[in-house]
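Here chain A shows up in two complexes: once beside chain B, once beside chain C.
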Partner chain A sequence: MPAVILPQTLDELLDLKAQGHTILAGGTDLFVHMRNKKIQPQTLVCLDQLKDKGLREVADTGDEICIGAAVTHSRLIQNPLVQQHFPVLIQALDTLGSPQIRNMGTLGGNIMTASPAGDSLPPLYVLDAQVELAGKNGSRRMSLSRFITGPGATGLNPEEILYRIWIPKQPSYDLHHFEKVGHRKSLSIAILSMAALIGLTGDRKIRAVRLAWGSLGKTIATSPETEKRLMGTPMDDPAGFILAAARIREEVSPISDVRAGADYRRQVAGNLVLRLCQGPLEPLKQGPGAV
Partner chain B sequence: MNLISKTSPSVGASQARPDALNKVMGHEKFAADYYGPRHLWAGVRRAGIPHGRLISVSTEAAKQVPGVKKILTHKDVNGSNRQGVIQKDQPVLVDDRIRHCGDALALVIAETSQALETALALISFEYEALPGIFTTAEAFQYGAPLIHPTHPGGNCLLSGQLVSGKGLEAFEACDAIVELTIDLPRQEHAYLETECGEAVYEKGELSIVVSTQTPFRDRAETAQAIGISPEKLRIIAPYCGGGFGGKDGITVQSLLGLAAMACPDVPIKMMWSREESFLAGPKRHAASLHYRLGAKQNGVFHALEVRADFDTGPYDHLGGAVLGLALEHAGGPYRIPHAAIQGKAVYTNNTIGGAFRGFGVPQVAAAMEQAVDLMAEKLSLSPLDIRMKNAVQKGDKIPSGTTLKTSTGIRECLARLKAHPLYREADAWKKKAPAHMLRGSGMACALHGMGYGPFVPDTAIAKLELTKQGRFKIYFGVVDMGQGNGVTFLQMAGDLLNQNYENLELVLPDTGLTLPCGSASASRSTYTFGNALIQAVETMKTRLTQRAADSLMVGDGDEFCFIPGHLRHLPTGREFPLAQLAALLGPEERITISRYRALASKETVTQDTALQMHGIPHTVFSYTAHLAHVEIDTLTGGITVCNYTAVTDCGRLINPDLYQQQMQGGIAQGLGYALYEDFITDKGRLLTANLSTYIIPGALDIPPMALSSVDLQENTGPFGMKGVGEICIDPVLPAVANAVADACGGGRCRQWPLTCERMLEILTIPVCPPGADMNRSLI
Partner chain C sequence: MKLSFTLNHNALTLETEPDRRVIDLLREDLGLTGTKEACGEGECGACTIRVNKELRLACLMIAAQIEGCSIETIEGLAGPDQALHPVQEAFVQAGAVQCGFCTPGMVMAVTDLLEAIPDPDETQIRKALSGNLCRCTGYQKIMDAAQLAAKKENKCLP
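Right, the complex of A and B next:
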């Protein structure tokens, strides 16, 4: 069993990190990896007694909301600022794990695991979230989409910690949407997921749109071309959505695993775009594969 | 104690389980909870290869690990080193041939679990790889290796057929014929408590506390496998943390026994990890089914053809018996005068196929009930009407030839279902499907025979004791694995003796204390033991009242009535404390023992003695009719079961709450079988090796259920009851299948479970016009 260290201050934490110790946030991924012997740390740095508020609070800084990396999913779901500004993130966190896992797991942990199936990631991508990385020599910010470089891989330097997540408020989007396709309704790793933000004109045409898919590639997938095809499309007109769905299917080369085959993922990546359409798609007659 | 202790047990009343509080509080000790103050850990090196000839096992490096006490291989086994319920074809520790990835090669006993783990990883072995058999078809290919070269049937463990009427010839006289082929997956039991136990060998006696459904059979089987005489072996079976058939047979027993005898005087503990449980424990048999059903124009069934192949894995376990029950139940609860039903249980190098709630019936019901719906559609009858038209009544024969001579309530179930709001309002509900959604409603029926059949005596021996304190102790030997038979015995005895729960006590199955009662399986536990218990109670009542009459010098026993803690003499109103009465009795007099053997059928359904031995025919059957409402997301293929109802004939309910619990659990497990649980393997290796990729349904996936009983009296059953532990799961998959077909214009799944991926494929394949002979859109 690894020894557990309980730092009191951020400086102590950063010292421990610089010494190469493993940080334990919620443990919902870490303990699984330890059980599977993927990692076998000698020590764990537990954040429970840390006095630093930055890791644990959600703050309104004007144009942005700043979320501490150690804030749990449950607390985010209950947070009025997050509820008000980022419904898409709430929708995604509602599907993450189970109540027990949401009570323990943290947003920072979900980011650091950097799984293509991480439930919080597609929303954070469409929201243009930035990560703040703290080290002994100060902190730096970078966009989340640059920070995550592959499955389980990030741009974090060994002496750094993920400290806070900064998300710009989104006045220009009217619709927030997240959908996860899993094998069951809880405790489910996404076979596929999609986050969408849509801004509408007065006559309900799309004037701004952001899309991101989980479990479709090595990292979260985005597609400016797919978004472009939706621009100007009336929300109740299937044509633009069908074109956009075809585009994302062409672009991606998903994996096959025990959860689902590549063809299914490709097909459904487009179908989830069709879900956004508020017009009559008549999906069965037209066929999900009709595009 | 709790509030329940003051309750007077009353048969037929919904009562909280007296064992519930202890379990919820964590006080009840399961086998997993036994830890000696100082104990050793035992674990097993498993093969990890599906088929090979074992040359040698190298344990030298592992022996050097600090904390390792002993390492045993087959050379250290003094018994037969073979276990199995019917055919003893499974080695405890492999001596000649590895037949699946989960076979055990070496047994390590160590001081700590870390030392155990380190040592297990250091054990290596030499082998000559043999080609493997991974499908039932491969088992019969020319040149296929023989998994048990000395087995007379080659790679076929057991085959059999039941022909009635004119058999296949009768199809010529049919106006309509439908056909269906499906492949069903293995299913993992996924109990909370994995296989585990604790053993100690002291002064030449071996005692094993184990999570098992079969303590008495374990004693005999383990004793001969490891070479100890049965009277020196005691099996203690606490409440079992889930069984579902997976603990109907040896799991850790023989290994623990070997370990304890090698390291005497210290308790030895073994607990399989979830991955080990997946790898080494038995599964529901994967099955391939081909069905042809013929009917007259008016919808009366006329002919049935069934071919059913079961993948039994490398060992018999209970594969032959599963096949037997499947064959007998293949035609469902319908009159079909002409039938040709044949099937095989086939050896492969996959995981072991064994007992699992339903025991072959969920597989055949999956095909039969879909064939019935295909026929209904072909003849433009409603699925309910065609079932009612063909449903059996008492005195009828089912297609396998078994006469139904006891309570037969399928027609009552169907009539009740027809009146249910979920049935009547199905069309209105379907029309309200939201965007991108399809809705459908589907039904399925089943019957399920109780007990072991004509050959293996289905007996239980109940023992009842009046303690010196004037309380009653019920000694039962048939395990309670959560279904609640133990507390049901309290309820039965408490009602007959008019004693509160505080005056009643259970002695759990223990070969040293209780008497043989057979296995907790085959929907028989409450039925068989309950009958034995009632006799024991009646004998006790007569004895106590007569002795009370003698000592009070009054008329006779019938002048007394039992009240909590006392006997009341009715003519005088005097009350005689049971404790006082107990003091007058010697230890032998305070005990009654009663044996009951369930009725064995005298009917000759088949001349095949192997099939008779494997359980054909039965005499008492339960019946059920299920209805599922499903919603399909056409964009993802995701299926939600929105509502579920079932009407069941399982005789009179002893405790309606427990009935609800059994039904809910069985339906949930059946939904897992239908929609979620895909046991994926590649050449015998598990690709869904634990609960992270093998998906069982969670609470949010389980629909609201409306569950009722038609409450018919079964005259042979204790208080009129019949078993319900298995029938609840039998028709779930086909009810879902029929609902899905109803939703999407007839699309049906060939390879189950029906995952979202398979569902989406079905939705994209054009559907044949109605009335085509084949089941449509098979993928």
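Right, the complex of A and C next:
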């Protein structure tokens, strides 16, 4: 039976973290792990009475949007700033869990779980998100791709918390796209997921592209060779995408697990690239500075 | 800990362990057995309640998290004269109840949907129910009930 502490201020929270206590955010992963006895914390630090605004708000800071780690997925989906600048993140969060889970789970929690299948992670990778880690001696920022080091493993120091997530606005990408393959639409852990940002020339050829993959490797995978192959491809030219699909199947070395084998994942990765040509992509809503 | 919250529109203060699961607090300590527990890990939606007007899962929350919150359970939907809520009536009329175990969670989800979107289309209903599993009905009658409830609430039906 863990004790429960309800800090009111950020300073109290950082003190408790420095003492080595476990933080309870949305609880949608933590309580499942506790029930399965994978984690047995002696003390839970509950964020619900915390008055700190930084953990809970979404703010426009000019070139970036700053998201508090304790903002729930539902709040992000409803947030006008996120809707305007990061449609790819909205599309991904819309597939995460269920309405109930999205009302409880937080963006910070999804990052700290650091699952290769974490639905928010491929979008945050292509968006070049940075994490702000706060401790009693100040805070530091690092890129998310450097922060996550393995399944369930991050570069967080024991006395730090994940405080905020900073995402640069993306004026140079015209198309945002996320697709997840799972056994069913809701409450399924991804067999494979892909986030894509695409920038187009005036005659709709690809001039910039970012891809990131969930459930493909031990952490979120990127595919620079396939991105290179896609450069210059006209959006309505299947031949270019067929070559890129062949490239991704060579480029990746997928995991095999209980949800799917490596060969299946390799095949599906190519199919998701093909879908970029065929599928309905959501155009980036015009934002300040957007092309 | 001393815990104060609002339960089905009534203010309440009680003494409990801070790590008591909300589902156990409701069912065992307060005798509100309408909220069900099935999977116990957030997959099935049987324990769906509303916390500050948002759907949440009582099996993945502890007492300390609801201090100062407004909690609504299936028991709070009926009117003061114990008349069924229109969504409950619609479930009865559409035959959307078989074993009944998922029903409280389904009714909470439909009630929440209709408060946000009084006249939802089929896609919106399916999305709203996507966190609730039913192993008996095949979902069609639950869909029918949600559509019937929307008509009732929009006063298109007697």
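In the analysis below, the second predicted complex is superposed on the first by the 277 of 291 C-alpha atoms of A that agree within 3 Å, B and C clash if a C-alpha of one lies under 4 Å from a C-alpha of the other, contacts with A are read in each partner's own complex, and residues count from 1 in each chain.
The criterion applied here is as follows: a residue touches a chain if its C-beta (ideal position, glycine included) is under 8 Å from a C-beta of that chain, and two chains touch if they have at least 3 such contacts.
Please read all numbers here as calculations on a predicted model, not as lab measurements.
Colleague: Once chain A of both complexes is superposed, is A:267 in touch with chain B (first), chain C (second), both, or neither?
Modeller: After superposition on chain A, A:267 lies in contact with chain B alone.
Colleague: Scan A:6 for contacts with chain B and chain C and give back first, second, both or neither.
Modeller: After superposition on chain A, A:6 lies in contact with chain C alone.
Colleague: State whether A:54 touches chain B only (first), chain C only (second), both chains, or neither.
Modeller: Neither: A:54 stays clear of chain B and chain C.
Colleague: Looking at the overlay, what does A:275 touch: chain B (first), chain C (second), both, or neither?
Modeller: First partner only, chain B.
Colleague: Of the two partner chains, chain B (first) and chain C (second), which one does A:259 touch, if any: first, second, both, or neither?
Modeller: In the superposition, A:259 contacts chain B only.
Colleague: Once the structures are superposed on A, label A:99 by its partner contacts, choosing first (chain B), second (chain C), both or neither.
Modeller: Once the two structures are laid over each other on A, A:99 reaches chain C alone.
Colleague: In the overlaid three-chain picture, which partner chain does A:27 touch, first (chain B) or second (chain C), both, or neither?
Modeller: A:27 contacts chain C only, not chain B.
Colleague: By the touch definition at the top of the document, which applies to A:185: first (chain B), second (chain C), both, or neither?
Modeller: In the superposed model, A:185 contacts both chain B and chain C.
Colleague: Chain A residues touched by both chain B and chain C?
Modeller: Of chain A, residues 32, 98, 185-187 contact chain B in one complex and chain C in the other.
Colleague: Quick one: which bits of chain A touch chain C in the complex? Just the residue numbers, please.
Modeller: It is residues 1-4, 6, 24, 27-28, 31-32, 35, 44, 46, 48-49, 74, 97-101, 103-104, 185-187 of chain A that touch chain C.
Colleague: Provide the residue numbers of chain A that touch chain B in the complex, in ascending order.
Modeller: For chain A paired with chain B, touching residues are 32, 98, 181, 183-189, 191, 258-261, 264, 267-268, 271-272, 274-275, 280-281, 283-284, 287-289.
Colleague: Considering the complex alone, what residue numbers of chain B touch chain A?
Modeller: Residue list for chain B touching chain A: 435-436, 438, 634-638, 676, 678, 680, 687-688, 692-693, 695, 697-701, 744-745, 755-757, 760, 763-764.
Colleague: State the interface residues of chain C toward chain A in the complex, per the touch definition above.
Modeller: Touch residues, chain C against chain A: 1, 17-19, 40-43, 45, 48, 54-57, 59-62, 64-65, 67-68, 109, 127-128, 130-132.
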